Structure formats: C-alpha cells, structure tokens
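First the structure, which I've put down as structure tokens, then a few questions once you've had a look.
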Amino acid sequence: MNMQFFQAFLDGTLMGGVYALAALGLSLIFGVMKITNFAHGAMMTVGMYAVYVVSTSLGISPYIALVFAAITLFALGYIIQHFLIDKISDAPTHNQLLLTLGVAYILENGLLAVFSPNYKTLNVDDFDGAIQLGAISISPEKLVAFAVVLIVTAVIYIVLYKTRIGKAIRACSQNKEGAKLMGIVIKKTNAVAFGIGALCTGIAGALLTPILSIYPTLGETFQLKCFVIAILGGMGNLWGALISGLIVGIVESLTGYIAGGSWSDLTVYAAFILILLVKPSGLFGRSNRREH
Amino acid sequence: MKKILCLVLSLCVVAAMVFSLTACDTEDDSDVIKIGSIHPLTGSMAYEGQAFVNSQKIAVDKINAEGGINGKMLQLKAVDSLGTAGGAATAAQKLINMNVCALTGTYTSGSAQVVSRTAEKFSVPFVVTVAASETLLTNGYKYSFRIQPSTVGFSSNFIEYIPYIKTDDMKTVAIIYEDSNYGTGIAEYIKSRIDETGLEIIGMLPYSAKASTLSAEVTKLVSLDPDILIPVGYYSDQNMLAKELIDRNITFPAIIGVANGAFSDAKFTNTYGTQADGFFDINYRYNPNSEETEYLLREYRERYGEEIPVCAIYGYESIMVIADALKRAGTTDHEALRNALAETNMTEHLLPQGAIIFDEAGENINSAGVLIQIQNGKQVIVYPKEYAEGEIIFEKESDS
Amino acid sequence: MPLLSVQNVCKYFHGNKAVDDVSLEINKGEIVGLIGANGAGKTTLFNCLTGYYKATSGKIVYKDKRIESLKPHIICRMGIGRTFQIAKPFGDLSVLENVAVGAYNKCKTKAEAYDKARQCIIFTGLAGKEDTNAGTLNTGEQRRLELARALATDPELLLLDEVMAGLTPTESQEMVELIRNVKDQGVTILMIEHIMPVIMALSDTVYVLESGRLICKGSPEEVSQNTQVIESYLGKSQEA
Amino acid sequence: MNTKNFNRITLTALLLVAVLFPFFADFYILCIGISVLIAALLGQSWNIMSGYAGQFSFGHAVFFGIGAYTSTTLYTMFGVSPWLGMIIGALVAALVGAAIGFLSFRYKLRDDYFALATLAFAEIFRILVNNTSALGGATGILIPYLVKPSEYQFASDKTYYWVILALVAFATVFIAVMSKSKTGLNLVAIKSNQEAAAALGVNVLKYKLIAISSSAFFAALAGTFYAQYYGFIDPSIVFASSISVEAIVPCIIGGSGTLYGPLLGALLIIPLQEICNSLFTSISGINMIIYGVLIVLFIMFCPDGIYGRMTKYISKRKGN
C-alpha cells in the first residue's frame, strides 16, 4: 500500500496505545468489581486537568507532572470504591451503573466549576514539530505516549503477577468467595484495584493533554470507546485490552482515512456489537460465559 | 391499601417541593427591565455559552451606567439551557414567567429552533445571539430575529470572497468539516455553489467534533493534495487539525476556514504564534474601527482575564439591539417591542457591516462575515476594504 | 417401553468429560435414584436432560421423541418438570404467583391457573403462605415451593435435584412423604440425592455416577452392596 | 371502609388532580408538568423492559428517536398526520426493538453487556441518521408551525399536557394490567431467574421480546410527542444519551419494577433538577453537581426507590 495508508496505520497504532491504557483501567475495574464504570471518562478528564495544573503551575514538563496525575487518580479511585461503590456492592447492576453516572456528573461539573469551561492547551516545549522519516511523519507526543503506555502496562503486569496485593486482586477477580477464605481483605483489595484502574485512565488522560485542547466534558468522548476495547479484549484481560486498543485505534484511523471520520465511530460500534454477539468473552478471552 | 397510602404520602412530599418552586423567582421589581438569556452553561458547549452571558453582562452594565432605558435599569436573567432542546424550552418558559421583555440565545441550533417556537407561542421577542442553522427562520415566525449570518450567509461570503484569494493555478478544493448541523450546512452549501468559482471539489471529509484525533483525516488530505483546504469546525477539533498540519509541516496553497471556531480565536494565535500565518478564515468579527469594539475587548479582558471569543460579540450586540428597540418602543410590551425590533435600523454597532436591519423573516439583511488572515500571529481583516486592517499576503514564505 | 431413555450421552467442557457415555432408562411410575460424589456429573446430566446443556453426543428419547436439542421450556411443556439444587424462588412474586407461573403452562385462563396453583400449594403443605413474598421463605419452604411450582406444570416425569439439601431431619421426613404422595399421583421421578437412607427408602432403581461414568445400576440393596460403589462413593462419603 | 373502595377513591382523586392541574398552574409550572410527564412516560417504558423483565437498557434513545423520526418524516414528507405517525412510529420502534432484542437475547447477552450493546445501538442509529440526508441529516427536521389539533399541534400547552397525561395513563394502565397477567408474572420470573422460569415452561426469548417491544412502543410514543411539542428534531437531540438517562433515572429513583415508581421518580427528579437550575446560578456547574450528588445519595440510601422504600417501611411498621 502507499505511504499515506501506512501513515494512517501508524497514527492509528500510536493513538490505539493510549486508548488501550484507558481501557485497561476499565477492564481491570470490571474484572475485579464486576462494575461498569460510567465515571471512567470523567476520571480521565481529571487526569488531564491534574497534569495541566501541575505542569503550568510548577512549570515542569507534563511527562513529569504525569506522576502527580497518577497519584491523584489512584487516590480518587480508592476513595470512590471505598466510600461509594463498596457500600452497594450487592445492589442490582443498574443501581451500580447509575451510581457511577452520578459520580461522573459530579466530577465533570466539579471541573467545570473550578477551572471554567475554557479550553486549555498545554504547550510542550520538549518537542519541535513532527519527526520526519521520509514521507512518514511521527508525532513525538504520540510516540512518547505510546512508549509510556508500554512501560505502564508492563509495570501493571508486574504488580498484578508478582506482588502480594496484585495476586490478591487477581484472586478476587477469579473467585471472590475463595479469596475471602484465603484471608484476603476484599474491601481493601477492591479499593486498590479500583485505584489502579483509575490510575491507568489518569495516565492515559495525562498523555493526551499535550495533544488535545482540554475541557471538562472531554472524557465523555473516550468512554464508549473504552467499553468497546475492554470488552473486545475480554473484561479483566490485560494483554487483551492492549491488543484490542491497538486494533480499535487502527480501525478508527483507517476508516477515517478511507471513508471520513464520521464513519469511524460507526465502524467501531458495529464491530463491537458483532463481537458482543458472537464472542462475548472478547477476542482473546476463553469462553467463560456463565452456563447456569 | 398500604401501597396507595405510600403513593399518596410520596405525592404530598413531591407536591410540597413543586410549590416551593413556584415560590422562588417571584420578586416584584417593576422598575427594572429584564432580558432573558438562554445558553449552555454546562456540558460541552459551556465555554461559548458562558462567554455569551459574560459579554451580555458587559452590555447591560454599559447601558445602565449610561442611565438605563428611559430611566429604568436593565437586568440580565441567564438560565442554563443544559445544551438540550427540552432544557432550552423550559428555560424559555421560566424566563417568560419572570416577565422578561425579550429572550436571547442559544448557540446550539436545536435549542434555538425550540426557543423560537416557544417565543412565537407566547408572543415574546427572541433575538438569536448565535445559531447558524439555515432553517431557523424559515417557519414564518414573527417574533424571532437573527443578527448573525446563517450557514448560508457564511458560505455565500466564501463564494463572494474566493476571487480575491484564488490564483489561476488553484483548481481543486477539499472540505473537512464537523458533521453536525453547522459544519454539514456550510459544506453542503459551498458544494452546491462551487461551480460559480471555477473550482472543483475533490474531497468532502466529515468528522465528528468529538473525535479524539484527526491524524487519519489529515493524512487523507495529504493524499488528496487539494489547492484549497476548507476546514469548518469548533475550537477544540479545529485546533487539533491545525496542530496536526503545523507539526507535520503540511501546507496547501490556501487554507480558508469558514466560520472556523479556532482560526478566529485569540487563544489559537496565542498558541501557535506565527506558525499559523497565512491561514484564512471567513467569519464573524468585530469592526476594528469601532470604539465600542475597543471597549468590549478591554472590558472583557479586565473582568474575565481572557480574550473574548469572537462569537460572544453577538451576545453584546443582542443586548444593544434590544436596548435600541426598547428605547424606540418606550415600553416593555412584547408586541410593541417586537414591532420596534422589526423596524430596527441601527447604524452604531460593533459589527463589520452596514446598518442592522431585519427583513420579513427576521434575518439581518446586511449581516456578513469578513475575510480574516492570520499575519504575524494575529488575526487581520483583509476584506471587505472598509474594515480591512491589512492586505492579503500571498505566498507565505516558508523558511522551514 | 421406557418413559425416558438416555443413550450414550456425553457432555464435554473444554475437553473435560463431565458426563461420559451415560445410558439409563426410566419406566413409568418408578422412582429412580441417581447418586454420586460431588462433581460426578449428576447435575450436568440433569441439565442435558432438561435442555440447559446440549449433549456433546448421544441420544435422549422421551416418549418416542428425541429431545436432546430442544429448549428447556419446550421440554417442560412435553411433561418433564425439574427442581434446582439451589432453590430459585422468584423473589419479587408471592408464593401463589410463583406457582401460577408454572400453572399457566397447561391452563388457559387466569382463574384456572390460580386454582391449579392453590391446589399445588395445599398439596405441598404451603397452605396459608399464598400471599407471602417468596423471597422471605425459609429453606424448607423454598424446597416445597420448588416442588409446588414443578408440579403445577403437570409433569409426567419429575427431576428432583437434591430436594433434601439443607432440610432438618423432620423436614426431610415430611419431604419423603411428600415425594411418595407425588408418586402416588402417577408421576415418574428421577432424583439426585446424597442422603442414602432417603434413596433407600424411596427408589425402585438406583444409578451410580462416578467422574461422569455410570458405574453401577440396580435396586437400592444391590447398589449398597456393590463393592465398587462402596469404595468409590460410599466409602469416601463415610470418611468425609 | 374496605380497602378496595379506598384504593379506588384515592386513585380517582389523584387522577382528577392530575387532569385539573393545568387550571391551577401557570404556564411555567405547566411546562415543567409536561417535562415530568415525558420523563414519566420514558420511565414507564423503561420500567417494562428493565424494571419488570430485568433487561437493563442503556439505549432507550433508540426507540425514542425512531418514534420521533418516523412520525416527523411521515408528516413533513408525505403529509401523514402525526397522530397516525405516532402509532406507526411506535410499531416501527417495537419492530426494531424486537430485532435488537432477538440479536442480543439470541446470543445470550445479559446485564452490563446487554446495557452496553443497547448503548452502542443508540449511537449507531444517531450516526446513521446524522449521515442520511433524506432524513434531514445533521440539520434536523423543522416541523411546520400550524395550530391544528388534527395534526397534533395545539394552541395551548394545556392540550399538550392532557395528551401526554393520557399517554402516561395508557402506559400505566397497560403495565397495571400486564403485571397481573400471565405475561407480567413471566417477566418478573425471568428477571428473578430465567433458568428457573424456563424450567416452568416459560419461553424466555419470547417474553423478553414482548418486553423490549412494548417498552420500545411507549418510548416511541414519547418521541413523537417530544417532536410535536418542541417542533424540531435532530439526531443529536432525539438519539442523545441524555434521553436514555432520562428514561433510567425516574424509574430507579422512584422504584423500578413497581407500577407507580417511575411516576413518582419523574415527579421528584424533574422539579428537583429545575430547582437546582434556579437556585444555584452563581457558578455554573453547581446545578449539575447537586444533581449528581442527589443521584448518588438516592442510590446509596434508597436503593429500592422512594416507592419501594415506603412500602417496606410501612409493612415493617405493620409487622411490629
């Protein structure tokens, strides 16, 4: 194929990485708590504002400010789980869903009230234009974002598979009753898991801050996309989320290139429904659909 | 029985609440004139919505400082439309219930459609701040007026101005536009009249204003390689587009925005400085020669700590138009005010156009966008001549 | 000719053989017991018989008709009723309404269905609880409700999945009586049970499952003396 | 006084109050009354499918939008009276509902997954209509302004109020009758446990389809009313996720799976939202924050909804 096609492919891949990280948080939260978090987009925006504030007030690079965003979001996620969602863990699905929607309203409009609705653009001095490789140009912000995504995913992997708390989280996601019997404190584990999920989303938001003009409801636009990716990858499946993030990014980009951006979302949603119907455990999940 | 009892009990609680609703907003102050303002103050359009209200406040304060209208002070009543049609309709009725003399609003076209109908039902004048939909005033409403050009107006301006920009070797056009009402309206209209310009459209690229990246679309533009690129969209998405073009060092012989939410905004040039030099935009703007303009820009900057978004000048102007009509009508009676508005012939205003005069449908007959070019990191009006701040600079010398 | 005949039925999950080449026959009017350790595949077999799982291979013939690929509600309408190991009352409905859901299966009108439901409630000893919310019943009552609902569908063959689980000895005794009464009404019964005395008291024939395979068949006495059964099932359960 | 008579008298009295309400309310309160009833109709519609049958929809805007678009295009293009259009729209929505339901239930989608699928369907419809110029595309459709009761346009909002009140009453009576019938029992049984329901001979797929179709039917009625009352529709208005949320919130706040829950919920939440908008104008965003806090508080402390909570409270007191 021609170079432009390859360019679109490449851009899709890089953007897909960021989607993947955002969706990974959602996937983790669903995997452990079995909760569809409708505040996910809003949490992402909180991450963006956190980077913006820290970066502009301290005059530091957004990539350093990212650490603050991560910490903020971890705390936010921990609090939301500990004080709100945990209290209604036995309630029917739709109540939990509506609760997270209420949280989304609070977060979004909190940002609106505090920061005004004005668009904020963060200028990154670290970079000067795109990197040109022949006919191909690569946005350095996206390249760095992609690298950070890979690093964060690797770290999350290590945390989940090598540390005690990580093992506890995985145990909870597989069998809550069993985990309880093994002496795992479910409440705390859930809160940490939600915190990590929020942290992923926050970092994803932070990575997008240098690329986009941010405003309080920006995260909404990523919400459904995150659901799509998380389900495509199999809820709770780390590598599944990463790969389907890339797939969604690429599909979106190529549709945009071939048919125009109006159709990108349509393609992604249609693919989503198809996957839901045909293989609800995701592209990479084992079929563990409840049989009873 | 107990179920019904529950029902009755709960109903009582709710009824008490509803009556508390009626209790608020019933302050009696007959010596002020209230003007209603309906804009999205929350949600994704909140930035522009709040800017309208801000500029309206400046206008109200200015009129009051000069003694008000026939001795009475103006008062602005701003209500959140929530960005939804239903929200806007409720807001309109609430304001009418507060005895406003006129309504203003609403930025989003759907809301404007609904408010104009409500205004008609209740016979209350409605002055549109900004809402570009070309169908807005096609229903024969008597009480709605629009100062600003519609999508058709902007697109006609494009057809009108293109000869001044076009060079002989420019043949092809690509339009990249956001796919709601406003972007689509402009793109389709330009397409329908493109033959008059001798140009040929080689690409129509709609995108969602909520897109998180426009890389693919830009890549598509590179492969189309049009002589003229027409981008139409809101601030954040067009900012994304421009960033992509600038970062990747992609140029076209001419980039001409039409009602572009970013190119005319001061934040845009603050962000990109001279990097965006050469970009054109056909858009609404203030008249740079007007003293009122200077006042509004300064006042806005002092009060709100930022530059006024260009669209918000229509917030200010809507109040001025209503004030002018109120003075002539000498009363706040809706019918009289409506007639006064219909007879508006306002020569002193801050828009780059002739007198503000409304036609039968309520459209401002002299409304027009101007041609702006970004030069040395500043938006400069280059056409029409009477408002021009500079000449068109052809062939941006790219030294990168 | 048997009422139900199961021929070489297999059910695999991800390659694990939950039910492995099981064949059995149930004649009209019998009570057939199905025993086996936890995880032996009893409930999986039930689920295959009632259409919840599709058997990987094999035939299931009920009254001369192949039923292995039919949907659960069709199988129910053909006259096979079942209860669940974990009682599943419809918590938002009253006891009467719970049973009526089953009764509507054969009854045309509302009056008919509710009549039938009341009869079944009285039959199972739940009289007086008609308007109680089904979610608030105790375990014993929930078991009776399960039975009442299944009976309301007018089954010819009733599959009972551990109806005694969680019952007190007195309640168990009453349940045994109840099942006898059901049989006396002409209903054929296939029951999974853990409690040996119950099986001994009720069954005409007993099948023993181990790791998905049928290892023994016979009268209760024969089975209880079979060495293989004692080793693999009874022996273990006595240890436990 | 016997219970049945008491119930009958009270209900008649309440209905009378509702019918006579426009004579006591000024037009602003009346307009809120209409918003309440639109929300109530959407809530009742959602109630059938999600409250009774337990199939959680997050995309009710699909049906609402189909109702609005069917009647409006039939009217503006072919001159079909919106009264007829409303019925046709509702039937079309019911069909689409059945199709969506068949796809989803056939493949055993449940809970969150089903909710997300409905959300995606709503988005797909929005994008499709947005890009279909025959349906007005992104520009939307403006309904001609003529006061003609035969064409579903009235001079007074009072008439609109009575129309939507009648629709809500229709939906409520429908649910009342349905919930006591075989269908109603089967739906609730499916919500509690669909395996157990199937074991009792309930055709789960069929009843789920009945639920989603009748739910879609009423949502579409609300859509047509919305179009006629406000006079303008575009894809971003009628297929918006805010419409889907408006269907869910009254039902859950009021008490899902109860006959009067959505009515109470709408009666509570719409005025509350309006009060928030009126009282907290100094800083924008505060109104929505308070709305969000209210939702959270309700879910935390009143998970069965107002109606559910009250019935529980009263039965407890009686028990003691």
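As written, the chains take the letters A, B, C and D, and residue 1 is the first residue of each chain.
Just so we're on the same page, a residue touches a chain if its C-beta (ideal position, glycine included) is under 8 Å from a C-beta of that chain, and two chains touch if they have at least 3 such contacts.
Since this is a predicted model, take the numbers as computed values, not measurements.
Between chain A and chain D, the least number of touch steps comes to 1. Of the two interfaces, C-D and B-D, the higher number of touching C-beta pairs belongs to B-D.
Of all chains, the one whose mean C-alpha position sits at the greatest distance from that of chain A is C. Here the spacing of chain B and chain C, counted between their Cα centres, is 71 Å. Computed from the mean C-alpha positions, the centre of chain C lies at a distance of 42 Å from the centre of chain D.
Rounded to whole angstrom, the centroid-to-centroid distance between chain B and chain D, based on C-alpha atoms, equals 34 Å. Centroids built from CA atoms put chain B at 34 Å from chain A. Along chain D, residues 130-131, 195, 284-285, 287-288 each make contact with two or more other chains.
Across the assembly, chain C contributes 52 as residues in contact with two or more other chains.
Shown for chain A are the residues in touch with two or more other chains, namely 109, 112, 117, 216, 262, 265, 292.
Those residues of chain D that touch chain B in the shared complex are 3, 6-7, 10-11, 14, 26-29, 31-32, 35, 38, 130-131, 133, 137-140, 142, 144-145, 157, 226, 230-232, 234, 236-237, 240, 242, 260, 264, 267-268, 271-272, 274-275, 277-279, 281, 284-285, 287-288, 306-307, 310-311, 314-315, 318. In the complex of the two chains, the chain B residues touching chain A come out as 42-44, 46-47, 49-50, 179, 204-208, 210-217, 219-220, 222-223, 235-236, 239-240, 243-244, 246-249, 267, 271, 306.
Partner chain B is touched in their complex by these residues of chain A: 2, 4, 7-8, 11-12, 15, 109, 112, 116-119, 121, 123, 129-130, 132, 137, 139, 208, 211-213, 215-218, 220-222, 225, 252-258, 260-262, 264-265. Those residues of chain C lying in contact with chain D across their complex are 50-52, 71-73, 76-77, 81-84, 88-93, 97-98, 100-102, 104-105, 110, 113, 149-150, 152-153.
Here chain D touches chain A in the complex through residues 50, 56, 58, 103-104, 106-109, 111-113, 115-117, 119-121, 123-124, 127-128, 130-131, 195, 245, 248-249, 252, 256, 283-289, 291-296, 299-300, 303, going by the rule given at the top.
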